[in-house]
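Listed below are the structures to be examined.
The same chain A turns up in both complexes below, where it pairs with chain B and then with chain C.
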Partner chain A sequence: MVYFINDIITGALIGLLYSLVAMGFVVIYRASKVFNFAQGELVIIGGFIVWFTTMQAGLSLWLSIPISLVLAGLVGYAIERIFLTKLIGESVFSMVMVTVGLLILLRGLVLLVFGPAVRPFPIIFPLKPLFLGDMLIPMNLLMGGIITIVAAVGLSWFFNRTRSGLRMTAVAEDHVVASSMGISVKGSIAFAWVLGAILSTIGAMIFLSGKSLTFLASDIGFAALPVALFAGLESIGGLILAGIIIGIAQSLTTNYLDPLIGGSLGSVVPYIIMLAILLIRPTGLFGWRTIERV
Partner chain B sequence: MDPSGIFPTSYRSDRRIIRTRWQVLALVLFMALLLLAPYLVSGRIIAILNMMMISAVIAVGLQICTGYAGQINLGQAAFMGVGAYTASILASKTGLTFLLTIPLAGLSAALFGFLFGLTAARIKGFYLALTTIAAQFLFHFAVLNLPSTWMGGSNGITVPPAELFGLRFVGETAQFYMNFAVTAIMVAGAFGIVRSRFGRAFVAVRDDDVAAGIMGINVAATKANAFLIGAFYAGVGGALWAYLIRFVGVDQFTLFHSIFFVAMIIVGGMGSIVGALVGVFIIRIIQEIIATVGPNIADSVSFLGGDIVFAGMNVVLGGVIALFMILEPKGLMHRWNIMKSSYRIWPFPY
Partner chain C sequence: MTYQTKQGLRGLLAACAIAVAATMPLKAQAEATYNLALLSDFSGPYADIMPILAGGREAVFIWWNETRGKELGVTLNYKNYETRYDAAQVASLWPGIKSELDPIAVVGLGGPDVAALSERLPEDKIPMFMATASYGFAWKPNSWIFNPRPTYSHESAGFLNWMREQRGGDGPLKVAILASEASPAYVDMAKGLELYAEEHPEEIDLVEVIYTEVQPTDLTGQMRRVVRAGAEALIIQTNTSIVVAAKRGLQANGSNIPIMMSSHNGLPASGGALGGLDQLEGDFEAYGMAIAADEGTPARQFYETLVADYGLKAPWNVVTAMGVSQGLFVATVIDHAIAANGAEGLTGEMVREALFAKTITTEETHGFLPSLTFTPEAPFPLEGLKVNVGTVKDGKITIEAIGVDVPDVHKW
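Then we have the complex of A and B:
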């Protein structure tokens, strides 16, 4: 029973990590109507920036983390300036394809610049797990979960309550209408990518803390995809619930169903949930009901 | 498009694929050159041509699904994989002739594609791209986690050579003719499909699905059909691939390969069969150059090792996709048509 509860708690915390990465998707979508397939690549670039500032440049954590976040923001800004500003008002297809192109472009660049070598990642959160009776909770996931919830509440307030947040929401509704209302579409999209890159870097810190870093870690971007869809692409608060549900479902499948069938069903459960969501309720749990059906 | 003043006087002439005598000549010359290729060029080029023809089948299928019907498909490599696995399982376990396994591979891939096409009836845009990505992951999962006696698991399957009347298609040249025959049939079929009522329904749905529905087109069925046809082509291409490489493994059909196929149709031009062929030609050449140059660079920059080819391919193709979407979203065929018509009406601007 203790193990069962422990599995549920760990699953929920992993789910919250997915939520944080998925928050990158949602923030970018929420402020620019662009669905960023390259989110996992942003996570890995964030990871390499953190690695560079701590392990290579030898800065202390207190200095390197803020510097890494600023650098990540600059990378996000650069990507937006180079690729996305020119596509404002273009079709969904162009936007999707550009981010798909970015996905393989960034993957290749990371490989070319950093190579396939496995690198140690700095220990950002204490390695010692938290013991609750017989239960054992990884510290990085616990702290990450708290950060995720704080970030979700903060961003949710920002996008739903503040004036500038609502402006960005208008951009997500329609580029042309938003710009004719005097809202800076360019500024909104730039802000979204900076924020998305920063969130991805925080995600990388939680995910990789004390582990090893290779370019394969970007797979977390695809693991987070179902969470974003489950919550509904516009809802930041909903990500918490969606992440917890998917995390628990995955953890329980991995621990109880996989030994029975002798496979790794756990890794594919999120996608099965995603397919079901897309078929039954394409707007997700809390998304806007704007999906055009035919 | 025809210049003003020239218009078809009958339905038959409107539907014609080959419109002028010069086009007949060009087609005959092109086919003759291809058929004689094994006598004209070295084995290395024949190997490249083999890859190009197989990619052409798959890219033409993607062109019908994405370029004509407007359904974003990021799972073409998975559909190809379904075809490749079907062909290799049938060939290695039941010993069926390739005359049967290739169409059956196409059919099984078409069925798999149709299942995901059904979701297109409810959702569109990038949501659809997401379900095709899910298809990609589910395919991987199925291959790796089903009992390894079924699909070989991570070991892959070895494929026996294609055989007909005691004649074995081994070696690049023999396979060249087999690939040539299948590719010619498939490409000719694609020209037929896109000018038929199905093809016109695809274009109508792509341009405006609400309007298409009002005109009496069954939009959901049309979208599912687009996936069915696109996946059929991918399955046939996958079967050819299985016979060419004589080995299938799950690593040959990843999301990256799907994106490479998308790059082909974007470069060539959306909504044009010839565009798909042009795109295949260009992207395959780029890939060949990287594969040849890459190892030389890898020698001087040693820490990268063998990954430089994969990395370089990703950087170049990712850059190509992004650049084309920003600068030339309609692809090279569109640019070619503009050049053609401005040459024709010179010195007038329009």
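Then we have the complex of A and C:
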């Protein structure tokens, strides 16, 4: 029974890591209605920035982490300025296609700049797990879970309770209308990309702490996708619940069903849940329902 | 000088030139160039090791052209093609490679090449030579794809039998496998060993078979299952990221169950990704090829020759050894084909026939590979198979065992 509870806790914490990466999707979507297919690549870029500042530049973690977050924010800002600003007012489809192009470009850039070698990622969180009786909880996931919940609460408050957050939501609704209301569309979208890049970098630190870094780590973007779609692309708070549900389902499948069937059903379960919920509720669990009056 | 005299002199000079050419040594007349298509992954999952592996195999072709090639009047021309370790990419590239290069042999990299070309190469009559171990799904008679090593499952079974002997006692060795469904080749590695364990319960007790992603999020829970099941060895023949995640998972559980890796995810690559070889103290790599340790073996001496005289820049490690052994495998078969058919008009079919006609001796591959006798029954030698075992001792890779017998493994 202890192990079963432990598996549930670990699953929930892995799910919260997915939620954090998915938060990057949601923040950008809420500000621009653009689904960023290159979210996993933002995680990798954040990871390489952290690796560079610690392992290459030799900075202490206390210095390298804030510097990395600032640099990641600048990368997000640069991406928005170079590739997306000119598309404001154009169809959302065009912007989404740009993010598909970004996915390929960023992956190529990472290979070009950092090379293909598998590198040791710095140990950000203690490797020694937390022991609660017979239960064992990885510290990176525990700290990551706390960070995710704090980030979700903060961002929910920002988007729902502050004027800047509400302005960003208005931008997502319609660029032209928001512009005519005096809202800076460019500023809102740029801020969302900065935030998305910073969240991705925090996700990279939790995901990769003490492990290895290659461009293949961008696959976490796809792992987070079911969480984002399950929660609904507008709901930051909903990501927490969606992440926990998907994480627990995945963990229990991996630990109890996979050994019986001799396969990796655990990798597929998040997508099965996602498809099931989208069939029942196409906007996701907490997504906004749009009513159009004709 | 009159016009007629000039014409006469020209005619005389031309006749002299023809006479000189006719009396030149035979090899200069028979100068022949054959093309090799090198399938590579510089931007996919094996991009980290590809430059080193490519350096190893290319250095051998340069060496062969300068030595044996000059004697025989043959040049091996080669070209790399980027496949991203993707079967679809290999399949789409192949028609272009064939028309552009008309190769007499393909120098392959891994499972996707096998999956994409196993049906096409017999039609095109071009053999493909690999560096890796073979796969169960490729274990068919009359193949056109050949591995100098048996399947990964043969290699792991050989290692586990050796480990059981080292441990002593009568009971079977408790073993866990960590694999991935990301590639059919990874699944194949696990399935073969599962079958062997099923057929030999007195030797191996397979306590866990775990499938994960190629870049796992966290394996602490999975490793706890392995520890709880009492595993004495953990087999990981997939990639370095999985080795790193498994090692961290074992460390979190306070366990040091020895991990066995293969050549493509071996001790140097995984140690580098973990931050140092010392992290893998007591872990193993096992494969049917020379271990790249510091000992002064014939393989090491040949590597030094390639570095000193033929521009090899890759460090001495298992990946370089894999590239060099592949180059030597291909060059030796072509050498045998030339000996049997002459330097002119060599075809892919002749190269394949030469593989069956004569044993490739360990001396011909400078100790990189054991002696290999191929038959049409399988894409790899079925008898006399051996694996070598390397480990980390005091932070250095050392040879733990050489020429460990590989058991018979049935097809799966």
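The rule is short, and it goes like this: the second predicted complex is superposed on the first by the 290 of 294 C-alpha atoms of A that agree within 3 Å, B and C clash if a C-alpha of one lies under 4 Å from a C-alpha of the other, contacts with A are read in each partner's own complex, and residues count from 1 in each chain.
One rule holds in what follows: a contact is a pair of C-beta atoms (placed from the backbone, for glycine too) under 8 Å apart; a residue touches a chain by one contact, two chains touch by 3 or more.
Since the structure is predicted, the reported quantities are computational estimates derived from the model, not experimental observations.
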item	value
Joint occupancy of chain A by chain B and chain C, clash or fit	clash
Partner chain in contact with A:P116 - chain B first, chain C second, else both or neither	both
Touched partner set for A:L275, first chain B, second chain C, both or neither	first
Partner chain(s) touched by A:L252 [first = chain B, second = chain C, both, neither]	neither
Touching partner for A:P129 - first (chain B), second (chain C), both, neither	second
Contacts of A:V92 with chain B and chain C, given as first, second, both or neither	first
Which superposed partner A:L216 touches (first chain B, second chain C, both, neither)	second
Partner chain(s) touched by A:T10 [first = chain B, second = chain C, both, neither]	second
Which superposed partner A:I67 touches (first chain B, second chain C, both, neither)	neither
Which superposed partner A:S264 touches (first chain B, second chain C, both, neither)	both
Against chain B, colliding segment of chain C, chosen among 115-123, 277-285 or 349-357	115-123
Chain B/chain C common contact set on chain A	108, 111, 116-117, 263-264, 267
Chain C to chain A touching residues, read off their complex	42-43, 45, 47-48, 50-51, 180-181, 194, 208-215, 217-218, 220-222, 224-225, 240-241, 244-245, 248, 251-253, 269, 272-275
Of chain B, residues touching chain A in the complex	70, 72, 74, 119, 121-127, 129-131, 133-134, 137-138, 141, 144-146, 209-210, 213, 219-220, 223, 256, 259, 262-263, 266, 303-305, 307-308, 310-322, 325-326, 329
Residue numbers on chain A that touch chain C, as the complex places them	3, 6-7, 10, 14, 17, 108, 111, 116-120, 127-129, 136, 138, 140-141, 207, 210-212, 214-217, 219-220, 223, 251, 254-255, 258-259, 262-264, 266-267
Residues of chain A defined as touching chain B within the complex	35, 37, 83, 86-87, 90, 92-98, 100-109, 111-112, 115-117, 222, 225, 229, 263-265, 267-268, 271-272, 274-275, 278-279, 282, 291-294
